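Okay, here's the structure, questions in a sec.
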């Protein structure tokens, strides 16, 4: 069995030549590997910091904001940054910094709820579909689920958003749900391919040989092992959901006045872009930070969970 | 690691090919100097089809009236009735029968001659086949005779001051007896232009008719281009692809055109932006609550922040271009202290009411500042945006399921319709019903004094808060002449436009 | 130009962030045409040495020292990728261990061979197709013309390794490096591959650096041997010197644990620890009988305590009669494909306490048989009785009972443990499935972890923190935690290093005695089966070609296939005899 | 191959039927109807009722559904009662516009993502690699409508290289057509390229760990050449699937860009039809979208075996 040519962290085999008795020595303390694991995970740290920043912004806004969100000061309309208004003011004279803090709440909520819906519905569907695919008679159930997935993919998220907005009056709620539902196929596909891979592994064969039932195997073996892939999908889905909400407000469907959200700020700053670009700059910057944060956090968590990473360590 | 040679080659090729197409194509497109006799005009509301007999809304008459279709009479810039297809007209002594003399040698765009028969056919059709509710303006017509090809006698059930004015609107459009088979897609009229191409949702191309009866228009090809997004329209004007923006829906952009390359024309329209309150049921049934709102709103601030100050303050449902206009802005002064007292008296402090807002640019902007001002006096508005037109028409307009809303009533002289009992505002019009009846049948003077009294009554009842008159904000290239300042009638007359 | 073919001086590799170097001051040299074996176990640094010569070290590793090659001046370690690329497969070539993934799956075999010729331009373009057919013929590829257009996935492991050899030797390099080229192959295929390497290397008069962990294999191919341990060279010498008079204790330990035929007085294999009493491989006298009785000592000792031998006539624990298993052809996307007969009428029985070896190469139907015996699959015809459960007719609850009574230890230590579960949960899983309550479970788990000689703290760790041998012990602990009657071992040691193999086999022998288990031992390695099992069945293409007591089969095999199998199994004694 | 094709055909038909029922049901959920919209603020209940009869909205839903389906089978998506024009030609024109826009956007994003992603994977350790993957992370965060506006301001208003909006069919003038295509395609492609770069980078990283790359280097290819000759084709498979999904979502996702650049695409047609409650048109458009996505999925399923012989032999 030739060892893995990866240097630092190849384990010392239990060739206990000189010292210890027949029992193998305790596993070699993997100093080499722990430090490399930390370096590998700088993306998780940066990501976590960014997410904490955004979260902090949102939480602080519950307690304190420089001005009230609907506090207008028509005289100080469209001012650039000043000590009174560090980020300047919008067309109604409202403080942009306050709006960024309030907007953090909505944008986080949109991202988290939309991804939550897609994750909690899409992943189980993917797992169930993969489990059926493995059963002899289950093939066509898997096909039905996957085709339904395609149809949902084919259904424009926009149409769902319009219908929900029409039935329940436009607002953050319907937009979130529509964006969430539109993201379900992505998760189902990732979960299904991950589950198929895990079900084919020898440790699942060992589990079935020791009488574990399929549902138990799904929870104990499948979920932890596909967690890495699902997390990456979640971080990408977060980015897409936040932007979709911004896009929807472009069509008048996302968060409605007077509720502040970064998407709406972006959209409403559109006509001031050539005269007051900072109105678009601040929400755009914070959306980028939030998305970057979640993506890096996703990558970091994925490395932490990814068996390939661990296998490399073995 | 040196940069891989193969990779830079691929990226370089992609960039070069992109640039090549740009430069070569660029040259052929920008050189359009020989366009002195054509013009491209940007609009926002796009016509769904060409048939205003069964589809309402501003877009269709804006394109067709006085360009393709003409009525017997028309309104000039100051709102005076002028001759059009009718050379001259006279009114019988009992003021019930009008006799119109038609212009000679008028041809429809399909070549047919205009005869009194066409007028009779068109106006009887309004009563019989039209779906558009504006047809009610023809209900007063008792009978139409055509003694000869050039004269038409129209007898009314009773004298009416408003009827001749109504004839200047789309209700008075004259169709060819053979020209109403496919109105949705084909418009055959007597006007100076005919429709060359109608690409739905995109644009309408007009071509000047050389067999037009009146004086030939300066331009011989005009394109109306429809922009759903106001900023794109403005960008198109800046980059020179269009020549005129008919009504800029993003007034904040207007001050970018304060230069001698462009001209900014800000006139009036018939659109009153009304902060309507449900007078029939809910929190605003009580007049005191409505009065509180009237004092709570600083209309100047609303105009400045929501629509960048373009537009006029009006105190009532009457635009300045109407004969019976009276400046009632002083009736309800902005007085937050008084408003707070009224709120306490009415006992509605902190009580939440539904403020339904159509998702239109002006409405959303107004809702933000109005809800903030109301909050300052203790009135709690729960803003729910509704998709316009479908959901707002269904929930607010038809089911009257609202306490407060905001909409621009764009139809000319619509004070009586908007404040009739079964209209969505639910105003108790018992007081004004008799006055209106008398005014319409009375003399010119009686008509004007009656309408003034009606407007005053409505304003005093605080039925709704008239925020401002929607501006006719036209941005055009400097060297364009004949840009209409005020939009008095349904029409956007392109015959007046020309290049210097 | 050093007169030696290959000169490696003070080669050291210390990965970033680690104190201990993985390669510590390694120096070796190779004369033109000389054949040297590089012996060592996982983690010994043998592969890293080869990769340093080829300049194929992974990016994060940097080697110090000098490597010089005849035909190229300067230190290869400092050469840039372009110069190194020019040397590879021109002056020095390499064949790797895993044939299944070594070829580009999307490219035809012919094109992949032609590429190596085109790169170095030793053969004019027009003659390349002809040269490719010639190369395939030289490596005895059946029907070279159709092989040229085949894709890698249409070939067996053995055939793909031949293609790799053809590619490596295409430009008649001066030095061929082989890194465990036959470890992943079946025994008979391994034998043919070793002969082919020797033949082709001689034909192009190239030097050979042969890396392996199996002493018996290297003895047959090389003149001189270098032994590496923990990144250092501990001993070099001719094959005979190393085999008969190993100087370094690690070499002696390696020699002892590789010899499956030598056992200590308790009938256990020699391990690194007990290597001192190892008297060295016994040179077999012409008379083959001595082999027979030597083999029986190990079994008799094992059988002795093992309880009732089959002879006492109680009903056999497992009875398999006339079992066939046919898989209906169901290609991907539901396309019909011809049926596959995995098992064709199998008959055998196993008495309680007995140790049955099942020998056969890949594709012989071993694992299908295992699946049926363990209740994971049902036979198409015939019937199988395990204890009092008839598998082909058993209800699902009966099958669950069967599975509690019969546990499996799998082959690949890295894949058979869930990387995401702690060791304690892995071992406890069968108990959870059987519904045993919590504290009973933890008691049994602690008992088992001790039984497999692992310390209690390992219970809280994750599989990736253990070596291959330790993981296999965890797998065994998991198998025995429910006190099964029957233990099925599916190639449990074939993925382990030689020294570790001896320890695991000894552990298995102890546990079989302590827990009075019946053993079904599947392996393609006759040597291991001979040591551990009393009865053996030899399988080929779904049929049992031969069965009986191990020593009878071993002493005088009736079937030609068994004879070839025994001959192909490398054994220290035979190898020494050949060189002696 | 027959059963595979038949199998896919059945799934295709089934999906279309299910989709038609779903879209029809969803449409009935929408409050407000075409007649109300048409008559606007000066509608009277009688006029609305009369128009509903004219539009045939008064027929029971089941009848309307089968009329519509029967028509559709005959290739006729019915006449829109709001605009009075046949829907099929409108859909065909708008689909062409969106197809040109979206396919060139995806092509451009592949053209950007493959070299960038490969380079980021190759240079994983160096700062260039890190900047590219960081840039792709940020790139994902830029909404396409913001990119569009900035591009218009820079390239159209200040530099004047490209027109800021409008659509010109290729037949009317190839130069004008291409010119008007550049800005919308670039603004669509930016975000998609950022997402695709991440997938390409991880696919290339996986491929680089494969044994046959090491064999290729052992054969005498440098690291980069080995990757380009052997690696990229293997990395293509995950990229094709992702690009397929992106293409499917962009069909309607491009509506905002269509509105900013005033392009008569299928997305804007859908938004207009829903706003006018022109349900026949909405149903027609959604059915075409479902058809397109199913076709895209089919193409991806056909493309993959073309690239990977292992699947081709099994199919």
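As written, the chain order gives the labels A, B, C and D, with residue 1 at the start of each chain.
The working rule: contacts are C-beta pairs under 8 Å (C-beta built on N, C-alpha and C of every residue); 3 or more make two chains touch, one makes a residue touch a chain.
Source: prediction; values computed, not measured.
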Relative to chain C, chain with the most remote C-alpha centre: B
Comparison of A-C and C-D by number of C-beta pairs in contact, larger one: A-C
Chain A and chain C, separation of their C-alpha mean positions in angstrom: 43
Approximate Å spacing (C-alpha centroids) for the pair chain C, chain D: 51
Distance between chain centroids, defined by C-alpha means - chain A, chain B (Å): 47
Mean-CA-position distance for chain D and chain B (Å): 37
Overlap residues in chain A, where contacts from two or more other chains coincide: 162, 166, 270, 273-274
Residue list for chain B, restricted to those that touch at least two other chains: 231, 387, 390-391
Interface hub residues of chain D, defined as touching at least two other chains: 30-32, 149, 153, 157, 225, 259
In contact (per the touch rule at the top): chain pairs: A-B, A-C, A-D, B-D, C-D
Residues on chain A engaged by chain D in the complex (per definition of touch): 143, 147-148, 150-151, 153-159, 162-163, 166-167, 186, 236, 239-240, 242-243, 246-247, 250-251, 263, 266-267, 270, 273-274, 280, 284, 287-292, 295-296
Interfacial residue positions of chain B with respect to chain D in the complex: 1, 4, 6-7, 10-11, 14, 18, 21-22, 24-30, 46, 48-49, 51, 54-57, 131-134, 136, 182, 184-185, 199-202, 225-229, 231-232, 235-236, 238-239, 241, 387, 389-391, 393-395, 397-398, 407, 409, 411, 414, 417
Contacting residues of chain D [partner chain A, same complex]: 11, 14-15, 18-19, 22-23, 26, 29-32, 134, 137-138, 140-146, 149-150, 153, 157, 191, 195, 198, 245, 248-249, 251-253, 255-256, 259, 267, 270-271, 274, 282, 286, 289-290, 292-294, 297
Contact set on chain A toward chain B in their complex: 70-72, 74, 77, 91-93, 162, 165-166, 169-171, 252-253, 256-258, 270-275
Residues of chain C touching chain A in the complex: 13, 15-20, 22, 41-44, 46-48, 51, 57-58, 60-61, 97, 179-180, 183, 211, 213, 229-230, 249-250, 253, 271-273, 334, 374, 376, 400, 403-404, 407-408, 410-412, 414-421, 429-430, 432-434, 453-455, 457-458, 461-470, 475, 478, 482, 495-497, 499-500, 503
